[in-house]
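As written, the chain order gives the labels A, B and C, with residue 1 at the start of each chain.
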Amino acid sequence: MDLVLLLEQTLNGLQFGVMLFLIAAGLTLVFGIMDLVNLAHGSLVMIGAYLAATFTGWTDSFLIGLLLALPATFAVGIITEIVVLRTLYQRDHLDQVLATFGLILFFNEGVRLIWGPVSLYSDLPSYLSGHVEFIPGAPYPVFRLVIIGIGLAVALLLYLIVAHTRLGMLIRAGASNREMVGALGVDVRRLFMLVFGLGATFAGLAGMMLGPLTSVQPGMGEPLLILAFVVIIIGGIGSIRGAFVASLLAGLLDTIGRVFLPDLLRTFLNDAAADTAGPALAQVLIYLLMAGVLIVRPRGLFPAQSG
Amino acid sequence: MAELALSVSGLRKSFGGLRATDNLDLDVEQGELHAVIGPNGAGKTTLISQLAGELNPDGGRIIFEGRDVTRLPAHRRSALGLARSFQITSVFRSLSALDNVAMAVQAHDGHSFRFWAQARRQPGLRGPALAALDQVGLAGRAEAVAAELSHGEQRQLEIAMALATRPRLLLLDEPTAGMGPDESGRMVELLQSLKQSHTIVLIEHDMDVIFQLADRITVLVYGRAIATGAPDQIRRNDVVRQAYLGEEHSEVPADA
Amino acid sequence: MTRLQFRIALVLLLMFALVPPLGALFEQPFLSYFFARIMILGIAAVSLDLILGFGGMVSFGHAVYLGVGAYAVGVLSHHGIDNGFIQFPVAVLASGLAALAIGAMSIRTSGVYFIMITLAFAQMLYFLGISLEEYGGDDGMAINRSEFGGLIDLWDPMQFYYLVFGLLALFTYLAHRIVHSRFGMVLQGTRSNEQRMRAIGFPTYRYRVAAFTIAGVMCGVAGALLANWNEFVSPDYMHWTRSGEILIMVILGGIGTLVGALLGATGFLLLEEYLPDLMDLGAQGWGEHWMLLFGPLLILVVLFGRGGLYALLTRWAIRHG
């Protein structure tokens, strides 16, 4: 087996994994604390990407574009929470699924209205678009390394918040037993708003990283959203640690699967068929993992909820 | 000696660090009404849940009429003749009282993979259902939607559903919970009549009810059975009194 | 079924029956074509209402059976077997097996886990469909309509329409009988209070899996019909947004009424077809962005549409005697 290829793909898997984590972290918090199934979380990824691309275009600086897009996405998240999501907390999951499905339609069309249906492409600044050869013989894109770095930094930041701040304590308490937090006199409304805003920002950040890698287009968040849901089910609803572990697992599984599955399939399929089937079936792996985990651990790997 | 209706030995159940059932032994004789009492948190409902098959014990054995049912799921125990009523009313709220009881009848009338004939029109279901409702005194409310019944009527419905499964052993979890004196009185009368034909394990807080009905009493404290015997013996038992001292709602009479 | 439910169903079916002659009268052949699709998706919606409205199972992967049924027809057609007498039974068998397998695994979970796992299985089959280069993969493949050897000619829009109509009426009636049978009572009881059902002696798991399978088969037939209607199959039939749409149809129409599912399918597809035109009336070019209105409309229906179109109709009917 080609070791260099394996290392390369492992890094790609890590990069995909941390991006998934950025999305899954917000999702699991919102689900764990507010018991809200939010299908429109993927839309926040998309909105972050669009905002970053636009601000970068205006200011001609990727960094400034990013720094402007982050609070802007936070604002969009807060507004969405206040206008729509607040009314859904008391509803059952079916209602939430449908209402947020409606939000997806609205956001996708809104984005199409404002930016047009054609994909946007954003260029990376020169200092991010090069390659680094720290694996001998395999130059690896700097930007992907930066993504991994940012992702791990966010994970660390979240860990610090959750483990060492008052907000974090409320988050842990809320994820474990949401009624108690309200009973303790905490302004639950403000907590929810903040948690949602935080999650939205992280999702937007994922989109901002994703934009230069692929492109920015309507509906770009949906495939990732589904994966993120699978990830938080595997990790355990409400658990950031679970989301982290499961995201990395998913990223690695998907990436390595994509590369090696076609080869595996070539042994009994013709080349063209194997090349089509490989990547598609690689995506099936993560669902198989979820099914497997649910059979053995019905509450996920690190369930946060008590009782 | 007649076969025991129920024989529990060494039953254990822990939730994290909390021992809800702590090496519990309990024997219930055929035809008796065996009351289980104890302060709040003694593990009474946990016990019933394990006896009914809702909860899996960590250890110990449950023998029902000579048969080891410890690992048997709830629906299989029901088929064997074990019926349970719930402390917190657990009925089919959107269905009528008659439908509720008919459901219980249906559960014991063969399999339900019947897709064509309308269930509500079947005398095989309605008949026994009405009879059970009549037995508990709810015949007049057969068509009322369960959610609209008064609390006391819902408790009666609970019993009717348990009865409709033609059980041999009834596990009743606080049937008089939340009832006023009139309703409690009616429930006691009902239970008196049921005593003739069923073995009953009764969990209750109301000591008046207990002393009117129980053949034997077991006292549960922190998941252990600290005393078992006839009501008079329990009344005079020092260990029991100590357990109840400081209990706000203790109704164990001070004199025999 | 209440008298009102029955009457609404009758009126709706009458309306469907009259579409082709009315279409001929007004020289709008598109009408039959369009309403055939409404009826096909109506069958799918009724099958979902069976498990959702009466069984309490929120399946977010129901469109997968549309796909399985469609591909049964498509794959056989691709290999030269256009005989409907072979294709349709295969569609029934395939969707039944798929539903049995998926149901057996999913029904071990509940709540949001159930929603997610049904979604996951749907995605798996969707990706499987994309991966099959032989059958068009991502692009899908064109197929011929099924042949029934002279008994009925599906290429004739009239005959096709009334076949679908007949199946719709049949399936709705079957669903009605199932729901009120002993089996249906078990389903309803399990939806209401599963713990109590077990306590009184029902092995609930097997009944839920059975219901799930029946719904899957019904939806599979709808899929076979849809493949015929489109003369085309693609993995898109199984995309999760399709499942979302069927769910919306059931909710829009009114959960747990069967007739509601038909109302919802009609309402949803009429909106989808004519909302853009309506919006263009307001201002030229707006119609293109009909989703902008449709999305929030959905949210409003969820928040305020207690009981859906069915409840609306019943309230109106009661007020007017």
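In the analysis below, contacts are C-beta pairs under 8 Å (C-beta built on N, C-alpha and C of every residue); 3 or more make two chains touch, one makes a residue touch a chain.
Predicted, not measured: the structure shown is a model, and the values here were computed from it.
Overall, the chain located most centrally, as judged by its C-alpha mean against the mean of all protein C-alpha atoms, is C. Taking the mean Cα position of each chain as its centre, B sits at the greatest distance from chain C. A straight line joining the Cα centres of chain B and chain C is 44 Å long.
Annotation: 32 Å between the Cα-based centres of chain A and chain C.
The geometric centre of chain A is 50 Å away from that of chain B, both derived from CA atoms. Counting partners per residue, chain A has no residue that reaches two or more other chains. Partner chain A is touched in their complex by these residues of chain C: 58, 60, 105, 108-109, 111-113, 115-117, 119-121, 123-124, 127-128, 130-134, 137, 240-241, 244, 247-248, 251, 289-292, 294-299, 302-303. Chain C makes touch with chain B in their complex at residues 177-178, 180-186, 188-189, 192-193, 195-204, 207, 210. Chain A contributes residues 31, 37, 84, 87, 91, 93-95, 97-99, 101-110, 112-113, 222, 226, 229-230, 233, 237, 272-273, 276-281, 283-284, 287-288, 290-291, 294-295, 298 to its touches with chain C in the complex. Touching chain C in their complex are the following residues of chain B: 52, 54, 73-76, 78-79, 83-84, 86, 90-95, 99, 102-104, 106-108, 112-120, 122, 161-162, 164-165.
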